[in-house]
Structure formats: C-alpha cells, structure tokens
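Shared between the two complexes below is subunit A, which has subunit B as its partner in the first and subunit C in the second.
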Partner chain A sequence: MSAGGAGGEATGGIPQNKLIALGTLGGLAGAYGGHFLSVASPAFAFIGALGAICAIVWGGAAVRRVASYGLGTGVPSIGMMALGMGVVASMFGLAVGGIAGPIVAFITAAIIGLVIGVLANKVLGMGIPIMEQSMTEIAGAGALTIIGLSVAMTGTFMFDAVLETVVATGYIAVIFIAGGMAILHPFNANLGPDEKQDRTLMTGVEKGAITMVVAGIVATVADGASAIPSILIGVIIWYIAFSKYVKLVNRDAYKVLGTGLLPTEEELE
Partner chain B sequence: MEPLMGMGVLALMGAAATIAGTTEDLESDVGSQSNPNSQVQLAPQMMYPHRIYNKAISGEPPSNALICAIGGTVASVLMTASLSVIFAIAIGALVATAVHGTYCITAYMGRTASQKRFRQPIYLDILRSHTPVMMGYAFITTFCILVVSYIMVAVLAHPFPLTLLAFIWGITVGAIGSSTGDVHYGAEREFQNVEFGSGLNAANSGNIVRKAESGLRNGIDNSWFCAKFGGPVTGLAFGMTVFLSGWVTAVFNPATSLTMGWLSVAAGVILVLLMIIWNRKIEVAARKAFGPYKEEEEVAA
Partner chain C sequence: MIDVAGIIAENILYIAMVTLGGMLISWSVHFVPVGGAPAAMAQATGIGTGTVQLAAGAGLTGLVTAGAVMAVSDSPLLVVASGGVGAMIMISVTMIVGTWVYVYGVGVPPASAKVDYDPITKDRQDIYVSQGTEGHGLPTVSYVSGVIGGALGGLGGSVIYYSLMSTSTGLTQSNLVALASIFAVGIFFVNAVIPSYNIGGTIEGFHDPKFKKWPKAVLASFVATLMCAFVGIITIGGL
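Now for the complex of A and B:
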C-alpha cells in the first residue's frame, strides 16, 4: 500500500552525498563557528543554529530515503530515535571531548547509528537495503542538531556551560522535541506517491528556522549568547522558506482551490 | 503542606488536566491526526476524494510534547525575566500555538500535494477555517498543561524544571488523547455508515463518510460529533490520571515515613486493579449488549 511511501528507493533531486557533505560540514562549521566567534561577541551564537539547520535538512533527507521503503507510521518513531541517539552521543562527546567535543559526539553518534541499523536489518530482519547507512546518517544529524542548538542557546559547547544552561534548566527537552520534529516532519508532512525532494527539504529549512527562533528565545537568559540575532535571522529564514514551500505546493498539487465541490466521477476516471 | 491544601491543589490540577485532555482530543479530531488519519490519507487513493483536513504532524504524543515544551520554554524564560506567571504562561502558550499553526499548514498542504495522481485538490477554505480552530484548541491545551506543570514546580516543589514537566505532560496528554479519544472519531464517525461493531472490512478501506447532514463533511463537523462524548471522556481519563496519581501520595505522604511510602504504592496498585476489573466489566457488558460483534466472536471461538 503506497500510503506509507512508494515502497521503493526515493528518487530525484539533490544526490544524498551532497546532502551528507552539507549536513556534516555545515553542522560542524556552525558548532565551531558559533563557539569561537561568540568569544568575540555573543551576537555570533546564531551561527550554531545555522549549523543545526544544515544538520536538520540532512536528517530530513536521510529520513526521506529510508522511510520511502514503506515506513508509514514509523516516520515519527525514526525521528525520535534520531534525537534519542543524538542526545546520548552529544552528551558523551561534549563531556569527554573538550574542544574536540562536537567531532567526538558526531563519531559516537555514527557508531551508535550503525549498530542500531545493523540490529534492525540483521536481528529484526527489516531488510531495508540502506538501513545501516541511513541510521548512521540520522544519528549523526541528530547529534549535530543538538550541539548546534546548544551553541545557539549558550554560545559555547563546553560541557559545564551546556549542562548548566541547557540540561539542568530542562531546555534540553525543547531541543529534543523541536529538533526531532524538524527532522521527522518534512517527510511525514509530504508523504505520498507524488512527494518531491525539494518540497520536503524546504519544509526542513522552515522547521529548522523555528528551532532557531526557539533557541534564540532561550538565549535571552544566557550570558554567552545574544537572543536578537537568532530570533531575527530565524524569522527571516522561516518566512523565506515558508513562502517557497507554498510555491512548491502550488507547483505540485493537483489543484489549489479557494473552495469547491469534490472532483466529479468523470474527473476521477 | 496541610493535607486539605494538598487536596485543593490536586483538585485544581485535575480540573486543568480535564480541560487539557478534552481540547487535545478535539484538536486532533478537527485535523484528523493520529490513528484515524490513515483512512483520511488512504481515501483519495481508493477514489474517495474528500474535504477533510489531513494533518499528520506525527502521532499525538510528539506533537503535543512539542507545543507544551515550546510553551514551557517560553514561559520559563519569561518567568526568569520576572514577568508575572499568568502572562508568562499565556505568552508561552501563544508562541507554541503559532508554531503549531505552521505545522498544521505544512502537514495539510504537503500531504495533499503529494496525492496529485489521485486528483485530491487542496481546498484553501478548509485550510483557512480549520487551522485557527486547531490553534485555538492547542492554545487551551498548552495553557492548561503549563498550569499543571507550574503548580507541580511552585506548589508541590517537584525537582524537575518547568520545561521538562511540560514536555512529559505533553507526551502524556497526547498518549491518552490518542488511546481514548481516537476510537470515537475513527470507528464511530469515519465509518458510521457501516453496522456498529462490525469492524473495518478491507473492502471498506478508505471509504470514509464524506457527506454531511447538509453539504460535504469537514473536520469541524467531526469535532462537533466528538465534542459530545469522545472529547469529554478523554478529558476525564487524563484528569483522572493526573488526580489519582497525585492522590495516592497526597493521602499517604512518603515524606512522613517509609510505611506511608509503601502504603502509597499499595494504594496505587489497588487503584490500577480496580480500573482493570471495571474496564473488563464494561467490555463484557458492551459485548452482551451489541449484536454482530458478539455473534462473530462466538463463531470464532
């Protein structure tokens, strides 16, 4: 039943390797850029959230690829799992890694993802050809999303500051759910046989921008990060992405009607 | 705290939770979220195009966890900036509602656009009329969940921060809305043209009721139906969960002695057992009272 995806490999659009490069390099550059430039001025903390958006788009693309094998109701689960693996890996990485924290977290996430992917295919017998690679990608994207948003909230990825401002205050909960939804929602919202990659990824940018705004709101109570740049840039990115998304929907839909009756029998034939 | 005060606080939390549960279920009914969504999604593919809002944000637990966590975050930030609690909670719920609106719109437009080959049009009037209704319900849900979470932090001195509590209660209200409320929309409303209790025959898949008493049926018609029973019963279920889970420790306070702690555990276990027996009795009575379901059961046995 194609209600849960086309049942085969997702096709079209930007090749996955380019998106992997965007997510990994963008995510790490965002985390490090936000961290080092925030020392000069807290206003630069928003760069962390830009990195998170790159990671979210990558994660959304990876979910799209693996969920196209008919994973209908499993799409939300896989998004939550991405951030579940990401939280474990990023806390571990930041705790032991010091300045190499994001890289350690990223590698840890990739290993956890690979193990879960192998378990899913070999032990549970899900038999999805790209499962191992996709779980590795999703876990990595989840970890980079968490680190990027933490940098936007605190201005640093040093474990003590993140623990104090993000974890102890409970804001990690909003990172978890807003980041996870941003990764799972793009494919879930556009699920169907006529899904297009550019529309799905544009939803990812739009949802990523919302997480950026939320991170900016949290930054108002943090010393190392300024709120205004994150909120302002987040709202601008959201507006642009949302307008583009609506354009793409108008391009792809069968009809966009102000109002009207159902299609007639002849029309459906 | 005085035991009587404790009971009063619990009653307030229970009342807020009851409202939150009701509005959570009605919100999901307007947009056909969660379990009933699969049939709304399937209908155009089986040649049944419709004018029902197709909103798959995810299951209800993550989607409510999202709005409650965002509301909790904003409220907590505003309280840190020493704004009054009521304003902080109201503004938090407002921001969460705005985010929820964007999720609703992308879900409806995206899913419908991806059904091009089944000739399902996007109706903008459905988008414009339903999205504010869902945002309104989401606002009430978030507000009430934040009230419950705030009372736990400020009055009951719960060790968790506000955001985390709101997140956890968001998952809980979504889970209860999904398990209790969906039945009254899915089986009873989408398939009210088939005999009660007959289950969903594969041949009926996607053949949901698309025409209303007058005109074409939409999501708001569905919430009108669910507001009679499904929504309130979800509210009662969630209110009871919040009230009873707090009641056992309010009556037998574990802080006073270890014995009291064990008594509260025993009281909790007894309550759960009572519920199981009660539910079983309702199920058996329903099977006896209604026809085809019972006959088929006997044949199968």
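Now for the complex of A and C:
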C-alpha cells in the first residue's frame, strides 16, 4: 500500500527554506510575544496561537514534502509522531529552560527528530533522501505548535502555569490531537496528482485557525489569558482561509457542478 | 540549575524500564494484523485502519487501565498486568467486531494470502482468497497474533507509565499523573510509528514474512526511546 504520494518529491510553490524561516521565527516570536505582552494585558495571549499557526503551516509543508515520497503507511502517522516527539521535547524545554524554554524545547525536538530521521533511513532502510531534514522540521514544528497553543491558553510559557492550566487539566490532550490534525490533515486531504502547495498550505492555515478557536475556548478558564480575542481572531482567520481554500479548489477543479438535493421518493417513482 | 547527573544516577533503573517499554511497544506492533486502507475495502487481510490508530487505541486503553489500578494498588506486577489485559480486551473487541463486519456485512470469508494453511487451525487458506485481493478478514492466526500484540503493547505502555510515576519528584500527585500520562502517550506514538514504517504499513501477524524484520524496528525504538526516557525522567525528576 502506498497511501501518500506518487513516489517523488513534491515540487512547486514557496521554497521550503522560506517556510522554515516562517515557522521557526514566527513560532518563536508568537511564543515570546504572547508571553511578554500578556503581562501588560491578558488580551495579547492570542499572539501565541498566531505563532502556532506559523508552526502548523511549516509542519504541513514538511509533511507534504516527505509524504510525497510515499511512506508506506498513511500520512496521519507522521503527524502523530510529530506531536509525540514535540510533546516530550516541549515539556522538557519548558520545565528546564525557564525564560529560554521555547528555544530549549525547539532544539531538543530538532535533535530527537534528526535522530529518528537518521534511524528511519539507516536502520529501517526507508530510503527517503529528505527524511532526516523533514523529521527534524516536523518535530520542531510540533514542539512550537504545542508551546504556541499553551501560551494562547495560559498567557505564559512558564512551566508552573502551563502544568496547572494545560497539563494537569488534560487540555494537553486537546492540543496533542488538534495540533497533530492541523499538521497532518493539509496534505492528507489534498494529496493526489493535482496537489498544489498553496491549496495544501491554505488548509493548514484554516486548521490552525480552528485550533486557535479551541485554545480560546480553553482560555475562558485561565486567569492569564483572555478568551475573546483568540476566539474572535481565530474565527476571522478561519473564514478568510476557508474562503480562499474554496476559491483554490474551484481553480484546480476541472469543473464544479451542483448536483442538487437527493431526489424525493415521489420523484423516483 | 537542576542536578542532571544526580537525577539520572538516582533513576537509572526507570530510564532502563522506559526504554524497555518502548521496545516492547515497537515489537508489539508487528503482531497486530493491520491492513490499512486496502483492508478497509476487504482487499487485504487485517483490520481496516492504520498501525498508529490501532496501536494507539489498544495502548491507550492499556494506559487507562494501568492508571486506574495504580490508584488502588502499589504492586508493579499488578499495574503492568492490568495494562496488558486492558489492551488485549480492546484489540480483541476491535477484531471480533471487524470480523462480524467482514463476514456478515461485506460477505467475505476470513482468509490469509501469505500462507496456504493457517498455522494454528491448519485450515486451507489460498482457495478462499478472492481474485485480485491479498486476502480479507481476520483468520484465526491473525486474531491470535493480534491478541499477543495487544498484550505486549499494553505491557510496554504501562511499564513506561509506571516508571515515570515512580521517578522521585517534588510534583504533587495530580500533576505527576498528568505529566507522566502525556509523556507516556508521546513516547507511545513515537514507538507506534517507527515499526509501522518498518513493515510498510501492513502486516498479517507473526506468520507474515515481514514479521522477521522486527529486530530493525526494535533497535530503532531502543535508540529513540532512550533519548525520550532521559528527557522525560530529567523533566519529572527535576521538578
């Protein structure tokens, strides 16, 4: 079974290096911006979720590149692995790093991802030339997604607050699945011979906006973060991204026809 | 700054146990008859979904049962055994309901395309395999293999959870439970994906020729889990 791509590298669109820059810098800027500005006003916690969206788009692009080779198993596996590596690294980074937490988490995730990428090629013999790089990217994106969403939920990335509000309450499971879905779903939904990078990444933005709304709902119970800005801005981003996505689908489709509603029983007779 | 060397020296046994748990999970995935998308259309033997979903479903049930028993008992053997049994029940239920769907819903006999005779029941297989498919449903050998896989996966998951919970730490009990659970889940997913890349997404069970590749995945999981174990134990031990 080769669920996934056609067996070659995905091409076209924005170069991966630009997306790496967007994800890394945007993700870290979101985490730090949300953290420091939330001290002034909890309303700024939504910046963390914007950082998470940058990381999600980057992760989605990395999944797109590596999964185009055909992983042998479904695309979802790599998204779940991203968040699996990401959650281990981000909890470690936030716990030991203090103010440098997001950076420590990001570096730890990148190291774990790199080692797993090397193992996949050297031990498992997967033979995907960009596996090492992609695994590093995907793990880093996963860690930044978790930290960004944690900041949106609590207004800080200080471990005590994250532990109380996000981990002990179990919302970390929501981040795990929602973040994982946001990274794996764009390529999983758009893959095929007519797959285009802009359409895939727009799905990533749209999914990221949904996780932002979810983070906003969780923030209703937190002291350090306001819920309304996250939910409102999330809904606006979702609407814009979804409209653009529908436009891109119409652009790439050969023809879009309305089939009407299902016929009633009388009409069938 | 936290005393990394001290934490590692104090909890070296638990680091080893977490690593062992990860290797068990990696091995367990090779037993689970997973057919992926073709099996969902009854065109390959196994359960019709991906390795990760199956391993996660069974493994997380194991974690839940292990966690529930850990709240009332201190015995490590009881905790680990309950994790194994929980995962076995989960995977068995999934497989029996899947078999009902294949037999009564799709209308295909359970048959393996990898062997001519079922190694357990000695029933003929090849004449029941529909043309153009790679078997369908869950023959007895795949079912038995799946139950073994569930047991090993549940054991692995609960060993990881028990080790993280036993690490010496200053965390309160509820925070420790939450942190240990999410670490166990993270490590579980990593170790469920590594073997699924090793088998290329589908396997019928221990009678499948692909099963012989398991040492590679277990070796990869050993390295990957060892890293995660250090990171996890330092995090929990340092708080």
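The criterion applied here is as follows: the second predicted complex is superposed on the first by the 254 of 269 C-alpha atoms of A that agree within 3 Å, B and C clash if a C-alpha of one lies under 4 Å from a C-alpha of the other, contacts with A are read in each partner's own complex, and residues count from 1 in each chain.
In this text, contacts are C-beta pairs under 8 Å (C-beta built on N, C-alpha and C of every residue); 3 or more make two chains touch, one makes a residue touch a chain.
Source: prediction; values computed, not measured.
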Simultaneous placement of subunit C and subunit B on subunit A, clash or fit: clash
Which superposed partner A:T259 touches (first subunit B, second subunit C, both, neither): first
Larger contact residue set on subunit A - subunit B or subunit C: B
Which of subunit B and subunit C A:E195 touches, first, second, both or neither: first
Partner chain in contact with A:A173 - subunit B first, subunit C second, else both or neither: both
First, second, both or neither for A:A40, with subunit B first and subunit C second: neither
Contacts of A:V115 with subunit B and subunit C, given as first, second, both or neither: second
First (subunit B), second (subunit C), both or neither touched by A:P76: both
Touching partner for A:G84 - first (subunit B), second (subunit C), both, neither: second
Where subunit B runs into subunit C (options 75-83, 93-101, 111-119 or 291-299): 291-299
Intersection of subunit A interface sets (partners subunit B, subunit C): 1, 3, 72-73, 76, 80, 168-170, 172-173, 176
Subunit B residues within the subunit A interface of the complex: 38, 41-42, 45, 47, 49-51, 56-59, 62-63, 65-66, 69-70, 72-74, 76-77, 80-81, 95, 99, 102-103, 106-107, 109-125, 160-167, 210, 216
Of all residues in subunit A, those that touch subunit C in their complex: 1, 3, 71-74, 76-78, 80-81, 83-89, 91-92, 95-96, 108, 111-112, 115-116, 119-120, 123-126, 159, 163-164, 167-170, 172-173, 176
Subunit A residues within the subunit B interface of the complex: 1-3, 72-73, 75-76, 79-80, 168-174, 176-178, 180-181, 184-185, 188-196, 199-200, 203, 206-207, 210, 214, 217-218, 220-221, 238, 242, 245-246, 248-249, 252-263, 267-268
Subunit C residues touching subunit A - in the complex, by the definition given at the top: 2, 36-38, 44, 50-53, 56, 174-175, 178-179, 182-183, 185-190, 192-194, 196-202, 216-217, 219-220, 223-224, 227-228, 231-232, 234-235, 238-239
